[in-house]
Amino acid sequence: MLKRALFVGRFQPFHNGHLHAVRAILKEADELLIVVGSAQMSHEPDNPFTAGERLEMIKCALDAAGVDRNRYMLIPIPDAPAHRVWVSQVESQTPHFDIVYTNQPLTRRLLIEAGYKVRGIELHMRKQFEATEIRRRILMDEEWGDLVPPEVYQYVKKIDGDARIRDLAKTDTVNKRRR
Amino acid sequence: MLKRALFVGRFQPFHNGHLHAVRAILKEADELLIVVGSAQMSHEPDNPFTAGERLEMIKCALDAAGVDRNRYMLIPIPDAPAHRVWVSQVESQTPHFDIVYTNQPLTRRLLIEAGYKVRGIELHMRKQFEATEIRRRILMDEEWGDLVPPEVYQYVKKIDGDARIRDLAKTDTVNKRRR
Amino acid sequence: MLKRALFVGRFQPFHNGHLHAVRAILKEADELLIVVGSAQMSHEPDNPFTAGERLEMIKCALDAAGVDRNRYMLIPIPDAPAHRVWVSQVESQTPHFDIVYTNQPLTRRLLIEAGYKVRGIELHMRKQFEATEIRRRILMDEEWGDLVPPEVYQYVKKIDGDARIRDLAKTDTVNKRRR
Amino acid sequence: MLKRALFVGRFQPFHNGHLHAVRAILKEADELLIVVGSAQMSHEPDNPFTAGERLEMIKCALDAAGVDRNRYMLIPIPDAPAHRVWVSQVESQTPHFDIVYTNQPLTRRLLIEAGYKVRGIELHMRKQFEATEIRRRILMDEEWGDLVPPEVYQYVKKIDGDARIRDLAKTDTVNKRRR
Amino acid sequence: MLKRALFVGRFQPFHNGHLHAVRAILKEADELLIVVGSAQMSHEPDNPFTAGERLEMIKCALDAAGVDRNRYMLIPIPDAPAHRVWVSQVESQTPHFDIVYTNQPLTRRLLIEAGYKVRGIELHMRKQFEATEIRRRILMDEEWGDLVPPEVYQYVKKIDGDARIRDLAKTDTVNKRRR
Amino acid sequence: MLKRALFVGRFQPFHNGHLHAVRAILKEADELLIVVGSAQMSHEPDNPFTAGERLEMIKCALDAAGVDRNRYMLIPIPDAPAHRVWVSQVESQTPHFDIVYTNQPLTRRLLIEAGYKVRGIELHMRKQFEATEIRRRILMDEEWGDLVPPEVYQYVKKIDGDARIRDLAKTDTVNKRRR
């Protein structure tokens, strides 16, 4: 029987560590549901890209990497109004799944308390904080292209995403969180 | 250059008219974004299935119909807090699109006011109200299998969806809308 | 070991059928969690009383009926943003429970799908629609005191609740749902 | 000392009865706060116009009628998450006021329970349902210009508002309330 | 005539300072409404426990301490969408009360502006920050049992609450606030 | 033809830099829509005043400064559920506008991405952070009257706003954000 895995991330942006994880999970599972979390978030220093932009960059990167589209589905899911109902919200917006892959402690804890089997993602080096490092490099105008698939790099450039990240950083402390 | 179309529906459930529309649109567009609307809705007489269940039934039906997964993407989107910001919410959660297909007057109006090109879907017979008719037949325990792809029929049976629809109908007027 | 039951209702208002149900459940369970549902609702023809007013009337009625306060707890819970996460929201706001008593089809269905054991409440006569009947009588200025515990009757009179119900009925169709 | 009045309405659209009311209130009060209620609503058969469109039409009509802008302020206020907190929400978004004018039973009841002095608006004829009648006439393509100030008529024509109302009416029952 | 007091707290977790306060208030008031605030919050470093878990631990601790259940009521209340309507939301979900006890400056300020009589809670030592200190000790695996009633200690152990707090602390800065 | 400008701010509180900006914009535009942003916010250290209080202080200051009420409109707008739909929400609650004036990087970015023409506001000195400086001075009980129009100073004093700011600052870190 087929086994379906869930992979939860914010993908701000989708990077080489994520791509590596997708490939590793697809060696253990038949199908993969990639949940694009905090889907409503964008235009924040830590969440610069919209869910739509993230769907686009992930699809391009997986296509270029030769990952078979028959084996995964991308699903944007907004934050829940309370942590305790988040698992229930994910269940309501995804097809049935058997196992979850995540390295985020809160996500892991909520899913384990709900009775799910959760595995960590083996990231080479300190890839865990790669997205943070990428956003930092973009902000500082340092080279970041080697940390993401080429398609992600081109897409971010095309939508002027690096200028957006730099613009958002100008926001003062209060306005970071609201207008 | 590639042209991407958007097809908006609630798919409660996905039926033959929807399948016909997907095929027709894919003759005119290169790629198709299928928006599963009112994603947060379920367990109501008019919205019995969760977004996750709808994603599952659509994927199964399109696979069986031989529709190439490289040419479409399924995207669940919850209702917006106000009609006037709905288009903006759709834009934020989908990759860029060039044209929209829908027969729903409100959806059509909102997209046109936002400057989009909108086309109607040619439905044979009075398919427009097919989903309503299917839910009515399930409720009355009449035969409904000929109105949907076989995979949708089997899936609804498997998740006990027809019993759910009958159970929800027992709810009195007030409780239909809330607990 | 102790067994704890959950009893879900809107209690608009709390009536003799509810009181009867509380007593019947307390013969089968050691402790009872009484969930005052749709807690955020009030000032509507079908939901005239606030959660606070309902807590007050239930407490008074149970005290007068000699129900031991050590055996039940009253818990107001607002509606969930989506039916599918309602059970999860209830779980997050109540102590652990073993069984549920309810006659509402939607509530019953959601709890059963979540794996709970659900029992119906034996109501003498057609008590199921008693709250609707009580609100109708108040509206029509007919006698309704015999359908509720005397404490509920006095409390509704004291807070001018019957005038409120009659005032709300004057609202025209559109304004019933919003201002 | 100055006396400030509050006038609550949805103004879908602003009509002669409303204009008459504004003039009447300004004979009794020094200043007037005109609350454009259900501000988030639009593109519904009963709420066709956005708050912005309503602000525009009211301002034009009052200017043309020679109502001094120093004596009134327009304030859009969205619906509250619960009726019982609506008064509190209004208080938080308006300058201090001394008296309220409204004919809506729910609005009246909520304000009275909160301790406010509320007066009815004397409408000549059955103006109370004028907005409903106007929307009906637009829908039926009957003459409606005599029921509103000329500026409102021109503005609705200019934004193609009558076509919008007719389009929204095509929506089937389910889709009226959501997409 | 009876006097009813309101005591507002988050009780993350309920500790000896809270128990001391309940006893002190019940010397001055006839009845006590204990509002379990931020009811929707859980699984955060500063809000680890669900409202249901907090209701359970408070009830156990008060039972063991011999506090008469006829003299208090526990009421979970979620945060309001805006501070200015919070008092109104509390009023809607609680029976009528005469006086409030709290040491939280924002809560105190909001209630005073709404016209309530507010008293501080005399806490021996610097008990005010006791909950913060308890969470810190659990995180550091230091001894914390002497700061809470024994029933709270046992309950937190039973639900594996200390492991939850340590797990949540692993979350990186961004993910602390959302998934 | 008339040109209408939009000026977005939180005005916590309205100060001399804001007044200067209003005058400067009215030299370039015929009409001005002043959006009072984060309208739902109040009783926070960084957002002490309600939208209603801010409307009152702005109106008084502009009246005293001789700004013609026929040339501007004040519009309170709450935060949007997501940054990406904020522009759409503003459009829905304001009359049509041609150009926007703002110095806030996030606001500027969102409007530019939506296709609007955005200009900065020339503030003499480092007025940009004037509101922060004013709140700091009130907190520290330093002189702040020279940074705001006299009417704002008097109004804040009258509503006891400086005591409120000092009270809110007493709140501990956790409670700053919620009760």
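For clarity, chains are labelled A, B, C, D, E and F in written order, and residue numbers in each chain start from 1.
Everything that follows uses one rule, which is that a residue touches a chain if its C-beta (ideal position, glycine included) is under 8 Å from a C-beta of that chain, and two chains touch if they have at least 3 such contacts.
What you see is a predicted model, and the numbers here were worked out from it, not measured in a lab.
Q: Name, by label, each chain that touches both members of the pair chain C and chain D.
A: Touching chain C as well as chain D, we find B, E.
Q: Applying the touch definition from the top, give me the chains sitting in contact with each of chain C and chain E.
A: Of all the chains present, those in contact with both chain C and chain E are A, D.
Q: Along the graph of touching chains, what's the shortest path length in steps from chain B to chain E?
A: 2
Q: Could you figure out which pair among C-E, B-F or E-F mirrors the C-D interface, over half of its contact pairs being identical by residue number?
A: Repeat interface, by the over-half criterion: E-F.
Q: Please tell me whether the contact surfaces of chain E and chain F are same or different in residue numbering, using the over-half criterion.
A: The interface of chain E with chain F is built from mostly unshared positions.
Q: Taking each chain's centre as the mean of its CA atoms, how far is chain D from chain F in angstrom?
A: Spacing between the chain centres: roughly 26 Å.
Q: Between chain B and chain D, what is the gap in Å from one C-alpha centre to the other?
A: Roughly 35 Å separates the two chain centres.
Q: Note the residues in chain B that touch 2 or more other chains, in rising order.
A: 40-42, 50, 81-82, 84, 91-92
Q: Testing understanding: with touching defined as stated, what is the shape of the graph linking the protein chains, line, ring, star, complete or other?
A: Shape of the chain contacts: other, as it matches none of the listed patterns.
Q: So, with touch as defined above, which chain pairs make the list?
A: Here the touching chain pairs work out to A-B, A-C, A-E, A-F, B-C, B-D, B-F, C-D, C-E, D-E, D-F, E-F.
Q: Please name which positions on chain E make contact with chain F in the complex.
A: Where chain E meets chain F, its residues are 8, 10, 37-38, 41, 46, 79, 81-84, 86, 104-110, 113, 128-129, 132.
Q: In the complex of these two chains, what residues of chain F are touching chain B?
A: Listed in rising order, the residues of chain F that touch chain B are 80-82, 84-85, 87-89, 91-92.
Q: Inside the complex, what are the residues of chain B that reach chain C?
A: Within the complex, chain B touches chain C at residues 40-44, 50, 164, 167-172, 174-176, 178-179.
Q: Touching chain D in the complex: which residues of chain F?
A: 39-40, 42, 50-53, 55-56, 59, 63, 69-70, 73-78, 91-96
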